[in-house]
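So, here's a batch of structures to check.
You will see chain A twice below: alongside chain B first, and alongside chain C after that.
Right after this comes the complex of A and B.
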């Protein structure tokens, strides 16, 4: 879903960086608190980032100036919240731009907002709703990962349609429908697969190491929360 | 993902590995930004040329096949993306091509066609510049250099850890994929999905075990949050700042006067029979 380098107008590059900044800063503050209070979490946080990198590198070209792939952010957001997920996603996005020619520097803000903030925020919300309703780990994680993945692509389509509207004076609604419909072909099956995989994973963890999920209870829905 | 391994090897053997990482980063960022703030197609073409020349010098013209394939894949995405821009033109302008394909309504105007070419060259220039940087700058050296920008130590540490663990996870993931293939794990879409899901779940579970082992292993080596580097990267000199900003300003001014020099729609008009 990463928007390629050079695709966005300078205006939108700045706008999305400004949108991303407070979440990123809140994430850094929270991350520092987590690592100070629970140093043993350092490796798990890093591995969550590496896992996001691994999953989101499995890409398929999509007819939109972007591509489709699992996002892998469902786990990170459930464990550490939106802010930390935004930080991890930013690091991963920089690696992908540099090492895989996937995404870009000027589009980093837009890509982080879609993959690292809004998508995961929706996923976390659904995780909370499902857990509150008494759903099991598999169902809750399936819903969270599925929605996090889909919302990431909805936001990306929205960002690109906005850009089409201002850069080329194109019709926003037409562009949004075109982008969404193309993404849907590749992304809905991928989101289902990602949901199943992460659901299986959550079920395994919940039965073998339930203490890991204790940290998820302390996560605030407020994406700007810095409480560890 | 194997591109990452290739890129790491390439970076350590680059002829530009001893150049200041922050200097290279500033240079690339200046060219990327000037590329998107000018409307002249010549500016991204010049940036693309600079990127190609730097990449050729950095790698001694020995780009691994995997990297070439990655660039090819990126170009494919760019072609598709630029194509989308070209068919979503402003309906208040006359169309040079109008029609319907599946659910797409095609409305290509001269402006949307020209914009598509501009964005294509911006994107391709961005890829060559970023790869020139990546193929000459190992991530551990870059993260060390980032300390000079007062980026929090925790973030720098995470950058290095994520980078290192990505290799380990990749190795394990590829083993699982190969094992699934040996058991005809991709015979049919449902089986393929299960194999794919199993490999991903297995990789994460492995990563949790790896985290515990790594913590103990690093603690045994007195790990205090920093990874020592024996050959420290060069510091960014004033020359880098002058070169980067000078070139960016020069290209911006050049772009102001060459905005209309190349009109791709008029170039292609005879080929497609467009009446412009």
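Right after this comes the complex of A and C.
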């Protein structure tokens, strides 16, 4: 899903950095509060980041004949909300841009908005809906992780199509259809796999350390919340 | 449903999906990021910058790229493994 260096017009690079900034800043403030006021949660924060590190490094084959990777943001957003998820995703995106030439620094804002903000926000909404309807940890996390992953790629397709509309010579709808078929269709089976893996881990947490899920109750839906 | 059933069923579905994709799909298995870049160029977009590794070093050899991705996966896996071990020992301690 990472938009490569140079594949967004400088104008869009700036726009997406501006969109990313408030969520990222709110996330940094919230993360600092969590680490200061709840040091016992350091391990859970690390775990949330670890899933993003692990799953976003796995390039998996898909039905379209190309490879893509899951995002792993489901755990982070369910436990700590969109802001913290944006910060953890940015760390991974910087790691990949710096060492792997995967993604880029000029496109960091756009990649963070899709992978760390809008995708996870959709996942968190669905988590709340599922939990509110009485669904268990496995089903709720499956739905949250699946939607967070898939929406990340839908947003990427949207970002690329907007870029084509203003800086290329194609029209928005044609470009959007092309990019959705490349990114989103490829991603469907991988999002299912990610949903199952994170769902199983949520079930494991629920049976071994159910008290951890108290964090999710105090987690605000507001993506700009800085309450720890 | 018991824990064992959930884990076995989950891994079985993941395994069957991966196997199905490998067996029934005839693809080149290139990255979707690269395909996205090619599609942008097909729509008349001209990239204005290359990534810094390409600019300085040239394209990373596949082996080195795999190594770096493996390091990234290992960082995540080590932390998750540590968490599971720590959760297990806490559970055992509380049961004793």
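By definition in this document, the second predicted complex is superposed on the first by the 217 of 228 C-alpha atoms of A that agree within 3 Å, B and C clash if a C-alpha of one lies under 4 Å from a C-alpha of the other, contacts with A are read in each partner's own complex, and residues count from 1 in each chain.
The rule is short, and it goes like this: a residue touches a chain if its C-beta (ideal position, glycine included) is under 8 Å from a C-beta of that chain, and two chains touch if they have at least 3 such contacts.
It should be emphasised that the depicted structure is a prediction, and the values quoted were computed from it without experimental measurement.
Participant: Is this a clash or a fit when chain B and chain C both end up on chain A?
Facilitator: Overlaying the two structures gives a clash between chain B and chain C.
Participant: Which partner does A:152 contact after superposing on A: first (chain B), second (chain C), both, neither?
Facilitator: Neither partner.
Participant: Applying the document's definition of touch, where does A:104 land relative to chain B and chain C: first, second, both, or neither?
Facilitator: Both partners, chain B and chain C.
Participant: Given the touch rule stated above, what does A:114 touch, chain B (first), chain C (second), both, or neither?
Facilitator: neither
Participant: Given the touch rule stated above, what does A:87 touch, chain B (first), chain C (second), both, or neither?
Facilitator: The answer is first: A:87 touches chain B but not chain C.
Participant: Thinking of the overlay built on chain A, is A:138 touched by chain B (first), by chain C (second), by both, or by neither?
Facilitator: Only chain C; A:138 stays clear of chain B.
Participant: Check the residue A:186 against both partner chains and state whether it touches chain B (first), chain C (second), both, or neither.
Facilitator: Once the two structures are laid over each other on A, A:186 reaches chain C alone.
Participant: Have a look at where A:5 lands relative to chain B and chain C in the superposition and call it first, second, both or neither.
Facilitator: In the superposed model, A:5 contacts both chain B and chain C.
Participant: Return first, second, both or neither, reflecting whether A:207 touches chain B, chain C, both chains, or no partner chain.
Facilitator: second
Participant: Does the superposition put A:71 against chain B (first), chain C (second), both, or neither?
Facilitator: In the superposed model, A:71 contacts neither chain B nor chain C.
Participant: Can you tell me which of the listed chain B stretches (22-30, 94-102, 148-156 or 184-192) runs into chain C once everything is aligned on A?
Facilitator: The answer is stretch 184-192.
Participant: Which chain A residues contact chain B in one complex and chain C in the other?
Facilitator: On chain A, the overlap between the chain B and chain C contacts is residues 4-7, 9-10, 43-44, 46-47, 49-51, 53-55, 57-59, 61-67, 92, 95, 97, 99-102, 104-106, 164, 167-170, 174-175, 178-179, 193, 196-197, 200, 204-205, 209.
Participant: Per the contact definition, I'd like the list of chain C residues that touch chain A in the complex.
Facilitator: These residues of chain C touch chain A: 3, 6-7, 10-11, 13-14, 17-18, 21-22, 25-37, 39-40, 42-45, 47-54, 60, 65, 68-70, 72-73, 75-80, 82-84, 86-88, 90-91.
Participant: In the complex of these two chains, what residues of chain A are touching chain C?
Facilitator: 1-7, 9-10, 43-44, 46-47, 49-68, 72, 92, 95-97, 99-106, 138, 156, 160, 163-164, 167-170, 174-175, 178-179, 182-183, 186-187, 189, 192-193, 196-197, 199-200, 203-205, 207-209
Participant: Can you tell me which positions in chain B touch chain A when the two form their complex?
Facilitator: Per the touch definition, chain B meets chain A at residues 1, 3-4, 7-8, 28-29, 32-33, 35-37, 44, 70-71, 73-74, 76-78, 80-85, 88-93, 103-105, 111-112, 115, 119, 121-127, 130-131, 133-134, 139, 152, 154-155, 157-159, 161-163, 165-166, 168-170, 173, 193, 196-197, 200-201, 203-205, 207-208, 210-212, 214-215.
Participant: Note which residues of chain A are touching chain B in the complex, please.
Facilitator: 4-10, 13, 28, 31-32, 35, 40, 42-47, 49-51, 53-55, 57-59, 61-67, 70, 75, 87-88, 91-92, 95, 97-102, 104-106, 164, 167-171, 174-175, 177-179, 181, 193, 196-197, 200-201, 204-205, 209, 212
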